[in-house]
Every structure is written in C-alpha cells, then in structure tokens.
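Each of the two complexes below includes chain A, the first together with chain B, the second together with chain C.
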Partner chain A sequence: MTNKSVLSAGRVNPSGEGSPAPASSGRRRRTINTGWTAAAFLLPLLAFYAVYYVYSFVFLGQVSQQRVGLSFVDQIQVGFQNYQLVLTDPIFQRSIINNLIFAAVSIAASLTLGFFIAMMLATGARLNRAMYVIFLLPSLIPLSLFASVFGRMLQDQGGAFNQALQTIGLGALQQDWLASDGTAYAAVFVLLVYLIGLPIMYYRSDVSSVDVAILEASLLDGASTFQIFRLILFPLLRTTHLTVILSVLLGSFRAFDLIFFSTLGAPSGRTGISGTYIYQSALAQDGVGYAAAASVIVLIVALIVSLVQIIVTRRSNR
Partner chain B sequence: MKRKFMQPLVVAAVSALAISLLAGCGSSGGVGGQKSAAQSTSGPVTLNYWTWYPDQKTTQTAIDGFEKANPSIKVNLRLYTSVDYQKDLPLALNGGSKLDVVGVQVSAMTNTVKSNLRPVSTYAKDLVPGWKTKLDPKLVKQTQAAASDNVLYDLPMGEVSSPFVFYNASLLKKYDIPVPTTADELAAASKKLEAAGITQPVVEVGDGWWQEEVLFGIIGQTDPTLSDKIFLGKASWNQPAIVKGLADYKSLFDSGAITTSTLSLTGSAPDAAFDTGKAAFLVGGAWESSILSASYRKANDITLSDVGATSFPIVEPNGKPSARSLAEGGLAIPKSSTHVAAAAKFISYMTYGAGVNLWDSNLVYAPAAKVGFAPTSELTTAAAKKGFATVVAVSSAPGSERTSQQDFLNQVEGPTILDVLRGTTTPEAAAAALQTAWTSGRYPHAGN
Partner chain C sequence: MTAQTSEKPAPAEQLAVLTRPRGSSGEGKAREPGDLDPLRFLRLKRRDKIVIQVALVALTLWWIFPMWTAISSSVSFGGIGNYLSLLTQPVNGVYLPETFVNSAVIALMQAVLVCAVAALAGFAFSRLQFRFRETLYYAVLICLAVPGTAIIVPVYYISGTLGLFDSYWGVALPEAALTLPFGVLLIRNFADSLQASSFEAAKVDGANSWQTFVHIFLPQMRSPLINLAILCVMWSFQDFLFPSLLLRNPALTTASQAVQTIQGAFGATPQQSSEYFASLVLLSVPAVLLVTFGLRWVSRGLTGGGSKE
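Right, the complex of A and B next:
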C-alpha cells in the first residue's frame, strides 16, 4: 500500500517541474513520512531476520561442504560430494517422495472431508461446538504426544488396535501393522486424516464471510444442500483452499515428529520423510555436513513445490 | 505472468547455491572442540560422572564404595539409556559441559567423542603404577584400536559378546525339553511349547542393530573371522557366505524356531516377556547374564526359579558355537574436567580396583581386570553355572570382534536384514544392496 501511494504521488509530478498543487505536495510529504516511519519500525525486525537468515544459510552452506561430526572439529572439505551422495541415495529419494505422498493425502483429506465437516458444523447442527472441539483437538495437542500414542496403539503386542480386534472376535486379523509397507502407509494416512482440524478451522471461519444472499438465492432456485456445498460454497472458498493447500504442503516438510514418534520410519525406514532422514544423518559419525547438504536440497525442493503449486492454483483460479 | 512466478524460485535457488559456494570459500574453522581445562587444586572434589551402564543400583553401590574409600571425593552420577547416551554425550561434550568421567561405548562411540577426551597417556601418572599389567591386554588393545587415530582414550571395564540363548530351565524341565544345541532342536522345542500354549516361545529384540549380532553369530559358526574381514574392508558383503548366513537366519523363522512376531519387540520388551515366563528362550548378548543370578532375579522381582544359558544353536551341520566379543564400558576423562587426578583415581577403582567386585556381580561384563572374579556365589543352580561357563568359554574362543559400522548398521544393514527375515527381499538381493551401500561413499568410515 505504501509503495502504491508513493508511485501515485510520483505520477502527479513525474519530472519534478513546475509548481505542484499545495494539496498534492502535502500528500506526498505525508506519504514519504509515513514510509520512513514504517521503515523505522520494521528495521529492527528486518535486521533480526537478516542476521538470522544470513548466519543460518551461510553456516548451513559452509557445513554442507564438509565432512564433520557433532563435535565440529577436524573438518574435511569435500566440496559438493555431500550433495552428490545425498541426491543419489535411494533412501533420500524415497523420503522426498514420501513427503509428497503424505502432503497429497493431507490435502485430499482437507479439501474433501475437512471441507464437508466444516460446512456441516457451519450449518448450526446440534452439538456443533462440541464436534468442532473434537475435530480440532488432535491438531492442537503436541504432535509428538499424539503420534506417540498412535504408535503405541499400533504395536503388535499389547497395542490397542490388535486388542480391539481380539475383543470383537477378529483376532485372526491381528498383525504387526508397521511390518509391511501397505499397512504402515495406511497407518500414516489415518494419522494424517486425524489432523485435518486446522483446515476445518480455516473453512469454518471463512464460510462466515460468504454473502448469505447467494445462498438464499440458490435455495430459492431449488438447489439441494449437497449442490450448495459443491457448486456454490466450494468455488467461493477457493482462497481458503489455497491457504489450506499451502499450509498442508509446507507442513509436510516439517512433519518430523509425526513420523518419528509414530512409525519411526518402519518398516525398514520406508515411511521415513526428509526430516527423519536429516535427523538420522546428523547423528551419524561425521554426518553433520551430509545432513546439512540434505537440508539445503530439501529447502530447494520445498521452494520448487510451493512455487509450482502457486502457479497451478493461480492458473486454475483465472 | 510466468516470469513473475519463476522469479522468486530462481532467486531462491540461486541464493541457496550462491550461499553454498560462498560458504565453501570461507573459513573452515570449527565451532566446537576444546582445550584441556586448567585443574582445580583447592577444596573438596565433586566428580560429574555420566554413563549408560551398569544400572543405577549397581553403579551407585560401586560409587558408594569409592566415596567411602575417598571421603574427599563425591561422585554425581547421571545414567542414560544406551541409545540416548549415544546422542547426548557428544552434544554435551561439544557444548562444554563440565564432566569429569564419562562412559564410552567402545565400538559405537569412541570416534564421535574422542576429540573431547584426554588421551590416557596424559593422565597415566595419576593411575595406579603398573596399571597396564592389571588389565587384559587384549581388551586394552581393542579399546585403543577402536579410535581411528589408534590412541587410547579410555580404559575398558570389561568385555561383552553375543549372541547367546538364555532359557527358562524350569519350563524346559516341566515339558521335558532338552536344551537345544541346533536349529532343528530349537524348532522342535518351540513347537512343543506352542502346543503347550506358549505362543511366543523364543524372543529377541527386533531392532535393526541386533540383527547384525545374530547374523554374524550364525556366520561365525562356519567362518569365525568373516565379520572382522568385512569391517576391515578385506571382504565384501555380496559373497556366498553372507547370502548363506542371511538364508540360514531366515530359515529359523521359516521352520518356526522363532516366530516373526518377535521382530516387533523393541527395547526391553523381550526381557519382559522372558522375565514373566511368557517366553521360554531369550536370544541376547552376554549382557543378559544377570538373569542367571538368583539374587539379581530376587532383587528385581523376577519370579523365574531357574535360568540357564547356552550358545546360539548351530544352524549348519559343520558349524561350531560362535560369538563376537569386544572390550566395552570404556571410562574416559573429558578435556573439560578440572579434576583429572580424582577422575583417574575413580577410573582406576572402577576398572581394576576394588570397585570391580561391586559392579561385576550383575554378570553383564566379563571384567577386564585381572582380579579375583568369582561369580559362582551368584550362580546357585547347575543350569546357571553351566550356562555362565558356556558364555565365558564361547566368548573367549577365537572369533571376530564385536565391531559395527554404526551408521551403516542403523540406516542400511539392520533394515536390510529385517527385510530378509520378513520375506520382503531375498538374501541375494540383500547382500548386493549391502555391498552397494557399503561402497557408495555415504559411510566414509566403512571398511576403515
């Protein structure tokens, strides 16, 4: 807004020639003063961010070209070897693919189930506040705690799932849920679906801004509830979809605790994500440089994914 | 519009790469590492002692004995679990924590912490004169060789070896089952016990690290030195002996000797199953020998009346009992210690002094000290006595060192062996995958 105002002031007298009208001159001075004031307020914070980013990234970049351990002594310069090793590691490649798969599942659950639940809650159904709390709660408690509890429920011996199966007479279905790829992925998917509380919150808050007249008109035209959800509300909330998709997508790159405390990458590391990969790499002997290289690559991948997603969403919204 | 969206990406990517390039040109000076701290010379001494072993009660008993013999020295103990300790000690030492004595897992930790430890030679004058003659030279040599620079940074408390099988002697007697010496006998025993209602007769920990122990235990029955050759880079993973070893290990699950569900047991779950009589056999390392002791069982509310031990069952017809052994429980003085003389006194006490007989009663380590080690008072039954004698005999037989390449083990080897056991991959494919990863360059200390 400030830049736009400054540009507007410039267009009034672009060459600076002649005598500007007194009113325009006063507006320009006020705008410039406002700009400096805003900059003065922002400067300390910007400086803090600049120091943080520059230090972090330079340190990360420096370490990523070394073979060095947690003690940070006896470094060996290895150039871009760490990057090459990370990029050719099938475990790393799988972890990035897992990031994207888990993000896709979360997005799909948010845009369908999350949207539907939010709309149902917004209709003023009975006990909607209690239901809202129930759906939101998993997203509000610490992920590590939530994932740990879920992990214990999945345990082969003494786990709640297997005990429940035993109790209802389906003991034959008991198994080690984290021993095979299919059930382990399914377990993570279930966990991700549980965490659609925040998307529900986004939808529920934004649906209140929808013009009621549109809904009334659609009702008068004989639209069913499902048609109103699908044909009226879903398109109207597209900016919320964008917010949901972006937050879920980027959140998938920070879902370390979710995986670490639930499956720990089981079976054999195949449900691991980039976060767990970096963590394990950093703990390896002289593995901090390698982990730093993996972090830089993940950062770039996250940027690319975000950008592609923004481009696709903008195009579809045109 | 496209350019508008592409611009931030290009800027971000170029910035990240530029930062990496610039950083590469920068100083490579470390942010950690320490110089040896100056020594405190006045007042009473309090030693900060971090370790993961032995258990709290046993360690505190030994500390109490030390403090009684050295009234001017107090020892503050902080005990970790083994896995947490591997992560927390390097961070603490690098952060400059004021520690005076630290336990070092000889194979798993020496190289990750040695830069913050004092070489033993720098405080040898504070140890009891002639200390070298009081410790098993083989274990001292192994401890020294564990460091990549071949410097002795710690003194070993003892030696551990694996794998072995501990059994509930009362239960076997009840069902008239002989102690199994071969895989076939173990399978027969398991079937008999399952028929009697014991659903999981044999338990072992399903963690990846343990799978290497059993794999090389089986391979060692026919090729005792292959483990040493591989970890010294003198043999490859994709060779027939490894393929055969993986197939042999898998055959134990196929024959029903061990149930696949035991692979989901982690941490202390197998111990709990065995201690409560839910399992008849516990496959574990010599560090499980405490369970042979009647007083240990009583002190820990374990109601098993009689426990024995035997070597891991022979899988191949021409095999012989085998176990890998290595010095363990190293005690070291960090550079940050300001009480080196007192710390050296404590290390002397714990490794070859009077403290040995206070912690060795739990039978976890065979002490490195050449002191009168007499565990027989702890062993009250024939099964326990014979079992412990077997553990000692198999441990001291020629074989490979219990060495691992920890990162490779955690990230590749353990998961790959588990995949074979679960039938996700074949022994041939697993051996090839192990060799590919071993030579990939991602494990710079592999084969060194």
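Right, the complex of A and C next:
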C-alpha cells in the first residue's frame, strides 16, 4: 500500500463530505476490504441502532394502528384511527404548541440573560468560578429534583413563593399558582429561566476564542463595557446563538421531567408537553396504541428539526 | 439533555491536549474555556466593574433561592435528625443510600457501553474509508433528535421480550442507545483533528486496523473518552424515564426515580414537608458533587464536542 493512499485514508475531512473511492480497480478492492473492516468496527453501534431505533420505529408504526394495553395481547386493528384521534385532541395540539412556546422562552432567556451572565462572568469578576457552578447546577443535576423543589415552592399553602411575597409586603399577590393558565405558564417560564445553564456554558466557552485586539480597539474608541457586550460581542458570537437556538429547540422535546415534576400539566393538561402526553397516555387503559401514534407524530417533528439543524450547520461551515 | 454542534475551530485547549507529550494529557490538567477569556485582559472602567459585580451577585442570589429554600426547609422541623432518619430508615420501602448504589451501577454500565461502542464506531468513521460513510454518519447523527419519551412503548416491549425488567442492564442499554449519537459525534470530531502521521507510521509498519485502533488510536483518545464517560454518568443520574418504566423492584430504585417513589410517603404537615425536602436534598448530593468537581470535563465535552461538525 502506498503512502499516498494511507494519507488519503487518514485525512481530516473538514467539510464532512465523504468521497467514495475513485473508480480505479485497485482502489475499489481496497475500499471493499476496508469496508468489511469498517463493518466490524461499526457492528456494536449498528446492533444498538437496529434494536433501539430501527426496530423501535417499525414497532411503533405497527402498534400505532392497534388498540392494545401494556400487556401487548388481544390487540385490535384500528387502522389510522389513533392518528386521527391524537391529531384532533386539543390537549395534544396544545402540548406540541407548548413545546414550541417553552423552547421560544428558553431561547429568549438564553440569548439575553444567559448571554449577559456569561459575558459578565468572563470579565473575571470576583468569585466568578463559584457563581458559574451555581448558574449551571439547576441544569446539570437531575431535573426531577430541581423541578420537584420548584413545584413545592409554588404550593398554595406554605409555598416559598407565597411566603416570599408575604415577607416583602406583597401578600395580596399570594395565590394558587397552578390554578389558572396565566400564572401556571408564568411559573413554567420562571422554571425555564433557571435552566439556561447550558447556553451560559456555550457562550462562556466561545467568548474565549474572540480576538482580544478587537475588544481593545473598541475600548480605546470609548465604548463602555455594556456597549462592548451588546455591539461587539453579541454579533461576533452569532454561531453560538445558532448552536443555542438549535440545541434548545431539540432539547425541548426531551424535557419530560421538567413538567412531570413541577406542574404535571396543571391546570388540566394545559401546560403539558409532548413528553408528558405520551407518558400519560401510555399508562392509560389500552392506551398504548394511542401513545404510539402520538410518539410517531412527535418523532417526525423532532427528526425534521434535527434535519434542519444538520443542514444549517453544514451550510454555515462552508 | 441534548447534544449540540458549534461551528468554530477546535478550542485551544483541545489542541493543547494533542500537542502535549503523551502521558501528561491527564485528567488533572483539563482547563475550563474561561481560562483564556480575552475579556479578562481588558481594563474596564471601575464603575462598570462594580455594576457587573453587583448584577452577578444579585443573579446568583436569585439562582440560589430554590436551593436555599430546599435546604432551609429540610431542617426547619426536625432539624438534622431528618437526614439521619432518611439514611437509616426506608421511605416507602426504599433505602435512600441504596438508590445511590443503584444509580452509580447503572451510570457506570452506561458509560462503559457508550465509550466502547462510540470509540469503535468513531475509529471507523474517522480513520477508515468505506462506501456511504458520510450517509451512514448522518443517519447516526439524526437520532440525536429522538426523545426518550417517544420510544418508551417499544423499549417497554423489547425489555419485556428480552427479560430485561428489573435489571441494571435493562436500564443501561436504552440509556446507552439514546446517548450513542452524541458519543459518536464527540469521538469522531476529536478523532478527525488527530494528526495523520502516527497512523501513517503504523500502516508502514504493517499494523492491521485492530492494532492501529488499540495502540495508536485509543491512547490518543483518552481525554475525549473521559469527557464522554463523565457526561454519560451525569445524564444517567438525570434519567428518570427509563428507571421508572423498567424497574419495579423497590430495592433497585435509582436516585432520580426515588423522587417519585417517595412523594407519596410525605403528607402536608410541616414536619413531613421538612422530611420531604431533606430527602430531595440528600438525593441531589451525588449529582451536585459530580457537577462541581467534574464541571471542567462536562464543559469540555459539551462545548468541544461539536467543534468540527
């Protein structure tokens, strides 16, 4: 084997585009040989994918056309009835819309508050490392714990929020936060603001690659610190914004514990998201087929988002 | 939890790991991205510095409020004794210290599975040439988007068929499946940034692919594999969904699953409420320790993970 072919085999491929081996016969034989080697290295991964993705998707497709319980016996074929029922259920429509609303709130909080927190930490303020850990903790410890604490704080009787309102003289505002739409949404929004740790991490990491000369020049021009944040660093970190937006959007479909442990969809499923919807319908009497249909719809939406992410990041690499 | 991609070139500390002599690229030397902040070299106005410090402290207090509430409520009735009784007596049939062991075992199993499978696959995607390589790679990556809740129905069926209910592996396997797309992404991105020279030398010496993998590839991948392992442990600690779906035996309950199991054990009296908060605080201790001491690894794994993608 020539040195040259080794080089090409080991070369970094920054654009991520694989080129199949050229058509010369020697090259092709080598490709076939390494093809078998590659297959051997990929075998464990493919086994995982075959069971937990490929088979799962096929299974979901089948079960979504049945009426069946968690025992998976005595199934009745019902065709596309489940899809029809799911798509016309206002609670399901609401849960998908909630996913997007919550993602939008997270994105808004990340691009403003998260960005400024990261920039302020990066100036080397006192205790910035300890504060960094505190900002990240809610996002990195089990969400079930943080959301449970938060849910308890919202309680009508003796909840920490109501007590705090009492303490600062706003006792008149005390209420049952999960009783009405408006305050229940507000409560979830506040919870989401606590969970912008990962965006803070991305900004904090990426700001270290900014050229210090640009910042010094603007400082000499008389810019204030906050002008530097807003007018220089914010536009400079636009690829980070994109990362934050896409990762939050994808993460929103995975945020199940968030709602499950804080509001549990209160009042009556109106703050529910797709995750809690599927979980609860799977546990209902003979609800597995129905849950499978909801899963298929959620999967399609999530995969479209992922596809857009891959296309957008590939394009911005060029 | 989700993985992400970012578009800038590899951060300097990743390259630093590569150029450092082998053996010294150990875990102790990992640095946080913040170490290189250009903002730190600016001479900011005194007034701005004070404003920043005040704003940060105010925000930190806001962030501490829920955690402080949990800790102070946990001792407001019954004091520290609440913790002692939680450590010695079962709650709804669950010993809390036992849940830490269960969580740790599942987390380690998942970390080993993901690291092994992702290392093998990352080697193939980065160092071997084969047809449809990029197509397959993107097919693997797109599963980053699959939410755990969307596959609970098939996972429940698969686990039932394979007899994986009430077993550690039964939980570790689907968790690993959900983490693998990110693992492959992280390993491949790092592997793509390795220099080709050592691999060329191995080829010239007649090493086969397996030897190259074991003797050339793996030693250089130590740092990203440690990153990945720590992220796996963190995500497994966070996972409530699969343990609650697949573990019914109270003796196998994990820490994050216990949050639900114990809910019913505490009523609304102030004393019981205190005990409930105490159990939440206690259950979060391992995760808080992991995050506090492993943060530089978490941060590097997440922010460097997509650096080439």
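Heads up, the rule we're going with is that the second predicted complex is superposed on the first by the 248 of 318 C-alpha atoms of A that agree within 3 Å, B and C clash if a C-alpha of one lies under 4 Å from a C-alpha of the other, contacts with A are read in each partner's own complex, and residues count from 1 in each chain.
Here is the rule we use: contacts are C-beta pairs under 8 Å (C-beta built on N, C-alpha and C of every residue); 3 or more make two chains touch, one makes a residue touch a chain.
Just so it is clear, the model here is predicted, and its values are computed rather than measured.
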Exercise for review: Classify the contacts of A:Gln157 with the two partner chains as first (chain B alone), second (chain C alone), both, or neither.
Suggested key: both
Check your understanding: Which holds for A:Phe253: it touches chain B only (first), chain C only (second), both, or neither?
Key -> second
Review point. A:Arg67 contacts which: chain B (first), chain C (second), both, neither?
Key: first
**Study point:** Partner touching more residues of chain A, whether chain B or chain C
**Key:** C
Review point. Looking at the overlay, what does A:Met120 touch: chain B (first), chain C (second), both, or neither?
Key: second
Review point. After lining up the shared chain so the two structures overlap, which partner does A:Gly79 touch, if you call chain B first and chain C second: first, second, both or neither?
Key: first
Practice item. Check the residue A:Ser268 against both partner chains and state whether it touches chain B (first), chain C (second), both, or neither. Key: first
Review point. Who does A:Leu299 touch here: chain B (first), chain C (second), both, or neither?
Key: both
Review point. So, A:Ile96: does it touch chain B (first), chain C (second), both, or neither?
Key: neither
Exercise for review: For A:Ala291, select first, second, both or neither according to whether it touches chain B, chain C, the two together, or no partner.
Suggested key: second
Review point. Do chain B and chain C touch any of the same residues on chain A, and if so, which?
Key: 57, 59-60, 63, 70, 72, 157, 299, 303, 307, 310
Exercise for review: Write out the stretch or stretches of chain A touching chain B in their complex.
Suggested key: 57-75, 77, 79-81, 85, 88-89, 91, 155-157, 176, 178-181, 267-269, 280, 283-287, 290, 296, 299-300, 303-304, 307, 310-311, 314
**Study point:** In the complex with chain A, residue positions of chain C that touch it
**Key:** 1-9, 11-12, 33-45, 48-49, 51-53, 55-57, 59-60, 63-67, 69-70, 73, 116-118, 120-121, 123-124, 127-138, 140-158, 160, 173-174, 176-178, 180, 184, 192-193, 196, 199-200, 203-204, 209, 213, 234, 237-241, 255-257, 259-260, 263, 268, 270, 273, 276-277, 280, 283-284, 287-288, 291-292, 295, 298-299, 302-304, 306, 308-309
Exercise for review: Could you pull out which chain B residues touch chain A in their complex?
Suggested key: 1-2, 5-6, 8-9, 12-13, 15-16, 19-24, 26, 28, 30-33, 86-87, 90-91, 93-94, 111-113, 115-116, 208, 260-261, 263-265, 269, 406-407, 410-412, 415-416, 418-419, 422, 424, 440-445
